[in-house]
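Once you scroll down, you'll see the structures, which are given as structure tokens.
Each of the next two complexes has subunit A plus one more chain, namely subunit B in the first and subunit C in the second.
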Partner chain A sequence: MKLKTALVKLWAVASCCLTFGVIFFLFAYIFAKGAGAITWEFLTESPKGMIIGTEGGILPAIVGSAWYTGIACLFGATLGICTAVYQVYYCRSQRLSNAIALVMQCMAGVPSIVMGLFGYTLLVLTLGWGKCILAGGITQGVMILPFIQVRAEKALREVDQNLVRASYAMGMSRAYTVRRIVLPQCLPQLVSGVILGACYAMGACAPLIFTGAVIIAKVPKDLMKPAMALPYHLYMLLTQGTSSVNAYGTAFVMMIIVLVTNSLATWFAWRNKK
Partner chain B sequence: MRKTEDRIFHALMGLFSLITVLLLAFLIFFIFRESQTAIREVGLAELLTGDQWRPLIYKDAPSYGMRNMILSTLYVAALAVLFALVIGVGTALCLACAATDRQRTLVMPYIDLLASIPSVIYGFIGLYIVVKFFEKLGRATGESILAGGIVLSVMILPYMISSCCDTMVRIRSRYGDASAAMGVSKWYMAGQMVLPASVRGILISMALATGRAMGETMAVMMVMGNSIAFPKLLGKGETISALIAMEMGIAEVGSTHYSALYTAGLVLMVLLFAINIVFELLKKRLAKEGAV
Partner chain C sequence: MSDAIIKLHDFGVAYDQKTVLSGVNTSIRSGRITAIIGPSGCGKSTMLKAMNRMLETQKDAAVFGSVLLNGVDIHTMEAEQLRRKVGMVFQTPTPFPMSVYKNMTYAPQYYGVTGKQELSRIVRENLEVTGLWEEVKDDLNKSALKLSGGQQQRLCIARALTAQPEVLLLDEPCSALDVKSTQVIEELLLKLKETYTIVIVTHNLFQARRIADDCIFMLNGELWEQNTTEELFANPQKKETRDYLQGVYA
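Showing the complex of A and B:
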């Protein structure tokens, strides 16, 4: 019996150490190898070189990713938060509420590459937009929609019901209560959910391959033109296998974005609990 | 006045929800529609069970059998879930039984961080560390199903840990005090009580993690070598998602090849829906029995 307990302890502690070791290693590796590649030129110039990307910087990819992510957030957050509000405060039948939950579950289960296929046939081909920032952003927006909706719904359900009832008792309408009482109450969680969604969209490459991302483009100015994106740029650098310095640099920038967005999201979520 | 405002707000929320629901309907419809050509011309049975994938004509007629890709997807997902199970349940047990509530809230964001790392970065590190490691061991090429499984297991680890940890904390808070009052050590409690009681919770998190693993594209595509051979542990393989990502660019719009790739997407989507439904049913049943 003692041996078994000791084994359980050994296994649990060892795997815990391994998990945190892996987390530490992932960041330490990219930071150690990538920091050297970061120069002012790397952040402010376009990719150059015989094989694109081996020299020069990644500015168009950074700006492109910002556009894709911005559109994705606008699209995903509007639909996601409104659906959550409807589900929690307007939908009267339990059956409809369950149906919306099931739809979200299924949507969250659609693999990102299939999202890409969907965006390709609907936006790029059927609507005739061609590969462009708007198509890529909306495809990513559909991808992060359930991600944001689930978090928004949880935040809305956690709002103190006494406040809501008090507001109704004062004769306030449902719309007024939602806008003036409920939304301000859970704003930090909503923002936190959208930020995490943004981070998810920033890193997702699969939906962009067919809908917007290209190997090389200028700093984007037009929503109906294709643009570069950070994850796709990193993928291209790796498959060409030539410039690992710039690949490490690109990965470094992405990891910094992941760290900053996650810290922000955690800070927002904790701020409200105090 | 207020009533009109309320109505408008209500209508707006309803409209946006409707759009959301319609998006999924559209998604299924479009993927289904585009895959019709291949299903009609090649036949579903041939698509699913054929072992030859030769979309471009060289000598004889092209063939579109994606059996190897389906098996590769299942193989690499199963490997990843197996690895993540061993490490994830151990970590969850450690966090649930040995850490205080405060320590857990401090540590959990770091685990979530793992879920936020873009899959391209996982592929990058997998290529430079895992694949290189296998090559150092003396294999001609390190790209393999095993490498894919290892990389993928790290990617699904956070889902596994947070889901298992929730179950275990609940069980511990229910019986932990009684157990401590009997003078039982925390590790004895962890092994004898918490672990057996959370088996079903662990099964649920496995279903969730399998779904995640099967839908992954970029990371597995970068470390698995993308060969359409029958999957072997140390051999190269190509998952369904990698197949779509690799070939969509060269397929002519409207051709059988193009349509066959949509069928591949449809197959992947149906597999994931099935897993999700099993996951939901399990969860509902366990919630009813009060076991979770």
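Showing the complex of A and C:
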């Protein structure tokens, strides 16, 4: 019996170490390899060189990714949070609620490349938008919608129902109660859910391949034009064997963005908990 | 009785097909305090919640018979309209996690009051009625969660009054409070009955005796006996009522 406990403990500790080790190694490796590529020029110039990407920087990709992610968040957060509010505070039928949950699960399970194909057929071809930031952003938005919805739903269900009941008992409508009591209560979780969704969207390349990302473009100014994106740029640099130094540099920038946004989310949640 | 504000006719409630309240016929008289007493689980809270249709927010509850407010069947009214007229205060205080001031302007703002002066007036008047004004007037922006339990409960009563109800339902409002706070709330209720009709569920027979004009004794999901408090305590008509009042069920 004692041996068994000890073994379980060992196994748990070992798994922990392994996980941390992998993450640490990943970050260390990327940082070591990529940090060297980071110069002022790398962050503020467009890709240049005989073979595009060997010289110059990645500014259009950074700005492009910001646009894609911003639109994805706007789209995914609006729909995701509204769906969750509907599910928790409006939907009276258990069946409909289950149906929504099922749809969300299926959506979450759709491979991102298939999402890309969906965006391509609907937005790029059928609606005739062509490859553009808006199409790419919305496709990513659909991808992170279930991601945000699940977290929002959990947060909404955790709101103290006594407060909600007290509000109803004064004759307040559901809409007013949700706006004044429920949403402020779970704002930190909602924000951190959206930020995590943003990280997920920013790192995803597949939805953008058919819908918006291009090998080279200027710093984007028009939502209806295609733009560069960090993960796609990284993918091109590596698969074309253009410049592994710049590829690591790009990866480094992405990791930093993910780290910073994640810390922001954690900090925000923590600050609001106090 | 001509001055009945709420009437229940053959009223009953079932949770998940299980009947917990049946055959209730009663009137609540306006401008008085009515206490509902009875052993735990006899359906006091259920009956109270039926009076402003808060029961509907629980999915599995089914209601039979009718409840009339001023002669109008409450199930023909909008739930929001009804609850504005019939306010409710719960067992544990439920201050909203915001400032005292915002707790007090929460309902008026919903009803479209926007003027700053008008809002301040409503806040002040209702806090004064509940005796909370003197205690919090220096810092209305203080979080309501930082008030003491008794203050929180008085805030909840004041907040319920901002919706300008006719009837106030209270479900064991003092059970989480100490003796002193309980006394303050009892005095408050006695003062409020001049303006509002009050229905209070209580486990505390002394409390019922101290403040209630009328008393309803419930047992096993039925209205067992109802009378003026004085009569009910002095002259219970049924054996079970007498037993309960003498503490057999407690």
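By definition in this document, the second predicted complex is superposed on the first by the 253 of 274 C-alpha atoms of A that agree within 3 Å, B and C clash if a C-alpha of one lies under 4 Å from a C-alpha of the other, contacts with A are read in each partner's own complex, and residues count from 1 in each chain.
In this text, a contact is a pair of C-beta atoms (placed from the backbone, for glycine too) under 8 Å apart; a residue touches a chain by one contact, two chains touch by 3 or more.
Computed from a predicted model, the values in this text were never measured in an experiment.
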Inset, instruction - Could you tell me if A:Ile181 is touching subunit B, subunit C, both of them or neither one (first, second, both, neither)? - result: second
Legend entry - First (subunit B), second (subunit C), both or neither touched by A:Asn162: second
Inset, instruction - Look at A:Met170 in the shared chain and tell me whether it touches subunit B only, subunit C only, both, or neither; answer first, second, both or neither. - result: second
Inset, instruction - Kindly classify A:Ile113 by the partners it touches after superposition: subunit B alone (first), subunit C alone (second), both, or neither? - result: first
Legend entry - Common interface residues of subunit A - those touching subunit B in one complex and subunit C in the other: 173, 176
Legend entry - Residues on subunit A engaged by subunit B in the complex (per definition of touch): 1, 4-9, 11-16, 18-20, 22-23, 26, 29-30, 78-80, 82-83, 85-87, 89-91, 99-100, 102-103, 105-107, 109-118, 120-122, 125-126, 142, 145, 149, 173-176, 178-179, 196, 199-200, 202-206, 209-210, 231, 234-235, 238-239, 244, 247, 251, 254-255, 258-259, 261-262, 266
Legend entry - Contact footprint of subunit A on subunit C as seen in their complex: 52, 54, 57, 79-85, 87-88, 90, 92, 94, 96-98, 106-107, 110, 156, 159-160, 162-163
Inset, instruction - Report the residues of subunit A in contact with subunit C in the complex, numbered from low to high. - result: 162-163, 165-173, 176, 180-181, 184-185
Inset, instruction - Sort out for me which residues of subunit B touch subunit A in the complex. - result: 2-3, 5-6, 8-10, 12-14, 16-17, 19-21, 23-24, 26-27, 30-31, 33-34, 86-91, 93-95, 97-98, 107, 109-114, 116-121, 123-125, 127-129, 154, 157, 161, 185, 187-188, 190-192, 195, 211, 214-218, 222, 241, 244-245, 248-249, 253, 261-262, 265, 268-269, 272-273, 275-276, 280
